[in-house]
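Heads up, there are several structures right after this.
In the two complexes that follow, subunit A is the common piece, with subunit B as its partner first and subunit C second.
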Partner chain A sequence: MASLIGFYSLIFGLCLSFIVVLFSIKNFRNSLVFDKKILSLTSLQLFFVITSFLGLIISFINSDFSNETVFNHSHTTKPLFYKISGTWGNHEGSLLLWLLVLNLFIFLFLLKSKEQDKNYRILTLLFQQVIIIGFFIFIIKTSNPFNYIFPIPTEGLGLNPILQDPALAIHPPILYLGYVGSSVIFSATLAATSLNYISKNWAKHIKTWVLWSWIFLTLGILLGSIWAYYELGWGGFWFWDPVENVSLMPWIALTTLLHCILILERRKILTSWVIILSISTFTLSMCGTFLVRSGILNSVHTFANDPERGLYILIFLFCLIFLSLFIFFFYHKTDDKQKYDFFWLSKESSILVNNWFMMYFLVVILIGTIYPIFLEVINSEKISVGPPFYIKLITPFLIPFLFAMAIGPKLKWIKSDIQNKINLSIFLIISFILSILIIKNLKVNFLVNTILVTSALYLFLVTSKEFLIKGINNLAQNLAHFGFSLLILSILFNNFFSTEVITNLKIGETFKSEKIHITFESIEKKKINNYSSIIGKININDPKGLNQTLEPELRIYNQPNIVTSEADIKTNLFSDKFITMNLVQNQDYFNIRYQIKPFMIWIWLSVLLICSGGLISLFRKKI
Partner chain B sequence: MKFLKYILIIIFLFNLNLSNANENNSHSKITKNLRCLICQGQSIHDSDSEFANSIKILVSKKLNDGLSEDQIYILLKEKYGEWILYDPGFNKNTYFLWLLPLLMFIIGGAIILKIFIIKKN
Partner chain C sequence: MKNKIFFSVVIISFLIIFFVLFKGLQNTNIYTPQVDIKKDIPYFEAKLFDSDIVKNSNEIFQKEKFYLLNIWASWCAPCRDEHPILLELKDQVNLEIIGLNYKDNIINAKKFLKELNSPYRLTLSDENGIISIEWGAYGVPETFLIYNKRIIKRYVGPLNLNSIIEIKKFIE
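Take a look at the complex of A and B:
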């Protein structure tokens, strides 16, 4: 029943799209004021999409296996929380969520843009409806979440256990708020371009939307990363996996856009560049969806390998790109006498430098992600592009980037020179000496790492000093940059100081080395609703007197029948102790992997700091 | 001070090619650079599959035999194809992969410079 209501709501929602389009065109041509009916129709459409989504959630809660999606991705013994999160833990449901967020954003946009020009609002709505209609048709035609199966199965196939996790339950919705938030930026930019509406005021108005999607995208990536850290059992948080990359690319484009809008807020220059960035942000989000959904990429996220779906998204994507390029080239009027009258040392030029480096990082990731696909198509050679590639191409450029991040915000608009040269130099010397002291005793490449740490420490010191001097002035920017320096430092130190022990142990055995004793004390078996678990008790004993018992777990899920390994992590401010235990086939011992990972928590905290920079920027505007 | 910074950057660029010779546990370094062929997006080092375990044993054997890191990569590449290496080498297949980003960086710099030239005219 719920499925049926869900399906018909989808159809009604699609029909409403066309009605909204008709009304909007009429209103666009014939009237001077915004027709209130359009807003009500849009809210009605949102209502139908929400109903449809609720219909799917209810089918999941009731384990209604007459619904194909529920049958494929749920099971009666699953906890209620994961029944609900299973709604978007699959291809069909996640697309319905996309659609829901698309509708939600345009509705909010109409509510929040009342002081803007009528034609601009309507045109934004029209462009957004083009995307919405595309997704409606895509869902109904190729990935209907409400397909009916008969005879009705008595039990479902279950959700992939590694997706049964609290962080991953909220990761997709948050990430989608970021991804799809960029759709409003896209539509609004196209509308503003066609109407020649781009101005300083428009920049102020669009900045809110850029900030919101940026915050959600950042949080979404953070959640995914935290999940990878504790669930995939290898103790890393970023692997330069194609699917991670496709979420990072829109983030970089959005961050660049955010900085560029700062210039546009002051002076009407670089408009073309803002338009290109807005278009590419959304295009990259769509590309991400395409690459993940088409099954071209080899990754844990690939839940659908249906070429028809990939093809549809690809064609749709090309149509959108074509439309936006058309509008850009035929409607965008560059002012002939755009004045770039700023000095080489000014805030404008430092933001340009930011854009330059960010685009380089984006290009590295883009090429690294799609190059292997093209190579395979062209001469059927399969290559892997992994972490070493990205590290080699990105780290050298990170150094000047970090220095520019420290100096740039101190510059003034139009023309500036560097003040407090002595102070800045002292900071440079301090950070240089500190990094030498840190790196000296490590077995890593001395010069590269010293300079890298110097640049990160430098940014750290300069931004910390800003807090002391300026207090809450310019807090948003400073906090975000401070967070970034902390992020880089934590990642570097995490890399330098991580240690690990990998060993095979039987119950009762002890691994002994100079630094550490690992004793496998006992195991305990438990039976829980949808899985049975084996919990190991492992005692860690080191000469410093630390004595800790960690309890890694193996879970044997019933449906689908998969064994997962749950890490036990003890976190404190300085380091994480991370242990996993794995079965070794046909052997009576377990594979134990114990890692000490310093500053792990600071990686998460620094990303939260970066986010809060964005949040402060949002709320300061309103005060 | 800026001068010092430039010098450091230059020294750094020269130093880029020097690999970390004194890497102590080259075993974990090598296995981190190898793809587990039967897993999805995991390195040999991080995987516990049978395939990964057999490669781990192979790598330690070859290290004991005195083979260098690069020799081991070449050996595995011949056996399993380039797909197994996370670090794509610089050859005719990958010229674009390595050089295109750098080229784009230069083009980007040129565009920014051009903005200043426009200003001067």
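Take a look at the complex of A and C:
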């Protein structure tokens, strides 16, 4: 029943799209004031999409296996929370969520943009409806979440156990708010370009949307990364997997866009940058959907592979790209005389430098992700691109980028001179000496790493000083930049100082080395709803007197039959103790992997700091 | 004028990208194994893992038997996950498992096999990753099922329970 309602709501939603488009075109041509009916129709459409989504959630809660999506991804013994999160843990449901967020954002946009020009609002709505219609047809035609199966199966196939996790349950909705939030920026930019509406005022208005999507995107990536850290079981948090890259690319574009908007708020320059970045943020999000969902790349997020789906998204994506290129080239008028009317040493030029660095990082990641596809098509040669590629290409450029980031914000608009030269050089010397002291005793490349750590420490010191002295003044930017420097430092130190012990132990045995004793004390078996678990008690003893018991867990899920290994992590301010245990086939041994990961928590905290920078910028504007 | 030329160039390059992705979509050989069928295995020479003997692919795959070439590394976490599955396939009569150790530290790799047991009849070493590239590997782990010097099926990423069933079916 719920499925049926859900399906018909989808159809109604699609019909409403066409009606909204008709009304909007009429309103656009014939009237001077915004037609209230359009707003009501849009809210009605939102209502239908919400109903459809609720219909799917209810089918999941009731374990209604006559619905194919529910049958494929749910099971009666699954806890309620994961039944609900299972709604978007699959291809069909997650697309419905896309659609929901698309509708939600345009509705909010219409509500919040009342003081803007009528034509601009309507045109934004029209562009957004083009995207919405595209997704409606995509869902109904190729990935209908409400397919009926007969005879009705008595039991479902279950949700992949590694997806049954609190962080991952909320990761997709948050990430989608960021991804799809960029659709409004895309539509609004296209509308503004066509109407030649881009101005300082417009920048102020669009900045809110940029900030919201940016915050959600950042949080979404953070959640995914935390999940990978404790669930995938080897203590890494970023794998340069295509699907991660695909979320990082829109983030980079969006971050760059944010900086351009900050300039545009003050002076009408860099408009081309703004337009291109808005377009690329959304098309990169779409491109991500294409790469991941079409099965052209293989990853943990590939739910189901169907060439038809891939083809549809591909065509749709390129239609949007061509549409936006057309608008950009034929409607966008640059004011040539204002173009680069600033001194080489100024805030504007430092942001331009930032832009170019960001674009470089973006291109590296883009090439790393899609080059293998190109090569395979062109001469059926196959290559694999892994972390070393990204690390080698990105790290050297990170150094000047960090230095520019330390100095750039201190410059003034239009023309500037570096002030406090003495202060800045003292900081440079301090950070250089500190990094030599840190790197000296490590077995890593001395020169490169010293310079890298110097630049990160330098940014850290400069931003902390700003933070302490100026405080509230410019808090948002200081917080975000400080967070970024902390992030880079934590990642670097985490890389340098991580240690690891891998060993096989029987129950009762002890692994001994100079630094550490690991005793496998006992195991305990438990039976929980949809899995049975084996919890190991492992005692860690080191000569410094630290004595800790860690309890990693193995979960054997019944449906589908998969064993997952749950790490036990003890976190404190300085380091994480991370332990996993695995079965060794046909033996009494357990494979124990114990890692000490310094500054892990700071990686998460610094990303939160970066986000809070965005939040403060949002709310301070309103006060 | 300049604008128009620029516009055309951009449009054409996007069209090319579209075409390439479109083609790429058609031969996603990860999911349509037919594409790989009858593809000959590449010729290569590799050093044995624990000695200096060099073997070439003709020697390794000479018998009329199924072979499973598994690309692995001790630093690769999913390899650890798929290891039990390889061990389970180890005793299949008509199947030989060949390990190709990809860009690895030899000490760590030996430790890895000592801990988890070796499922491999032969372990080859691919220190600089060139052999894996010749095989067209996307990354580690990756596994190729070979018969009569031809690739029958490839598995990108770790093997799972379904792959065991599939492999056993092939062998029979």
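To be clear about the criterion, the second predicted complex is superposed on the first by the 621 of 623 C-alpha atoms of A that agree within 3 Å, B and C clash if a C-alpha of one lies under 4 Å from a C-alpha of the other, contacts with A are read in each partner's own complex, and residues count from 1 in each chain.
Following the convention adopted for this analysis, contacts are C-beta pairs under 8 Å (C-beta built on N, C-alpha and C of every residue); 3 or more make two chains touch, one makes a residue touch a chain.
On a predicted model such as this, the values are computed, not experimentally measured, just so you know.
Identify whether subunit B and subunit C fit side by side or clash on subunit A in the overlaid structures.
The answer is clash.
Quick one: subunit B or subunit C, who's touching more of subunit A?
B
Under the stated touch criterion, which partner chain does A:T503 make contact with: subunit B (first), subunit C (second), both, or neither?
second
Could you tell me if A:F318 is touching subunit B, subunit C, both of them or neither one (first, second, both, neither)?
Second partner only, subunit C.
With the two structures laid over each other on chain A, which partner does A:N473 touch: subunit B (first), subunit C (second), both, or neither?
neither
Touching A:N582, do we find subunit B (first), subunit C (second), both, or neither?
So A:N582 meets both subunit B and subunit C here.
Can A:G386 be said to touch subunit B (first), subunit C (second), both, or neither?
Touch status of A:G386: both partners.
Quick check for you: in the superposed arrangement, does A:I367 touch first (subunit B), second (subunit C), both or neither?
It touches subunit B, and subunit C stays clear.
If we overlay the two complexes on their shared chain A, which of subunit B and subunit C does A:V377 touch? Say first, second, both or neither.
In the superposition, A:V377 touches subunit C alone.
Name the contact category of A:L428: first (subunit B only), second (subunit C only), both, or neither.
first
Go through the superposed model and pick first if A:N591 touches only subunit B, second if only subunit C, both, or neither.
both
Once the structures are lined up on chain A, find the stretch of subunit C hitting subunit B; candidates are 24-32, 60-68 or 132-140.
132-140
After overlaying the two complexes on chain A, where does the subunit B footprint on subunit A coincide with the subunit C footprint?
The overlap between the subunit B and subunit C interfaces on subunit A comprises residues 232-234, 236, 298, 381-384, 386, 582, 584-585, 591.
What does subunit A use to touch subunit B in their complex?
232-236, 239, 241-243, 298-300, 302, 340-342, 344, 349, 352-353, 356, 359-360, 363-364, 367-368, 371, 375, 379, 381-389, 392-393, 396-397, 399-400, 403, 421, 424-425, 428, 443-445, 447-448, 451, 454, 500, 582, 584-585, 591
Note which residues of subunit B are touching subunit A in the complex, please.
Against subunit A, the touching part of subunit B is residues 1, 4-5, 8-9, 11-13, 15-16, 18-20, 22-24, 28, 32-33, 35, 40-43, 45-48, 50, 53, 81-88, 93-94, 96-98, 100-102, 104-105, 108-109, 112, 115-116, 118-119.
Touching subunit C in the complex: which residues of subunit A?
Of all residues in subunit A, those touching subunit C are 232-234, 236, 290, 294-296, 298, 305, 307, 310-311, 314, 318, 321-322, 325, 329, 370, 372-374, 376-378, 381-384, 386, 502-504, 561-562, 582-587, 589, 591.
Going by the contact rule at the top, pick out the subunit C residues touching subunit A in the complex.
Result: residues 3, 6-7, 10-11, 14, 18, 20-28, 30-31, 77, 80-81, 83-84, 87-88, 111, 115-117, 132-133, 136-139, 156-157, 161 of subunit C touch subunit A.
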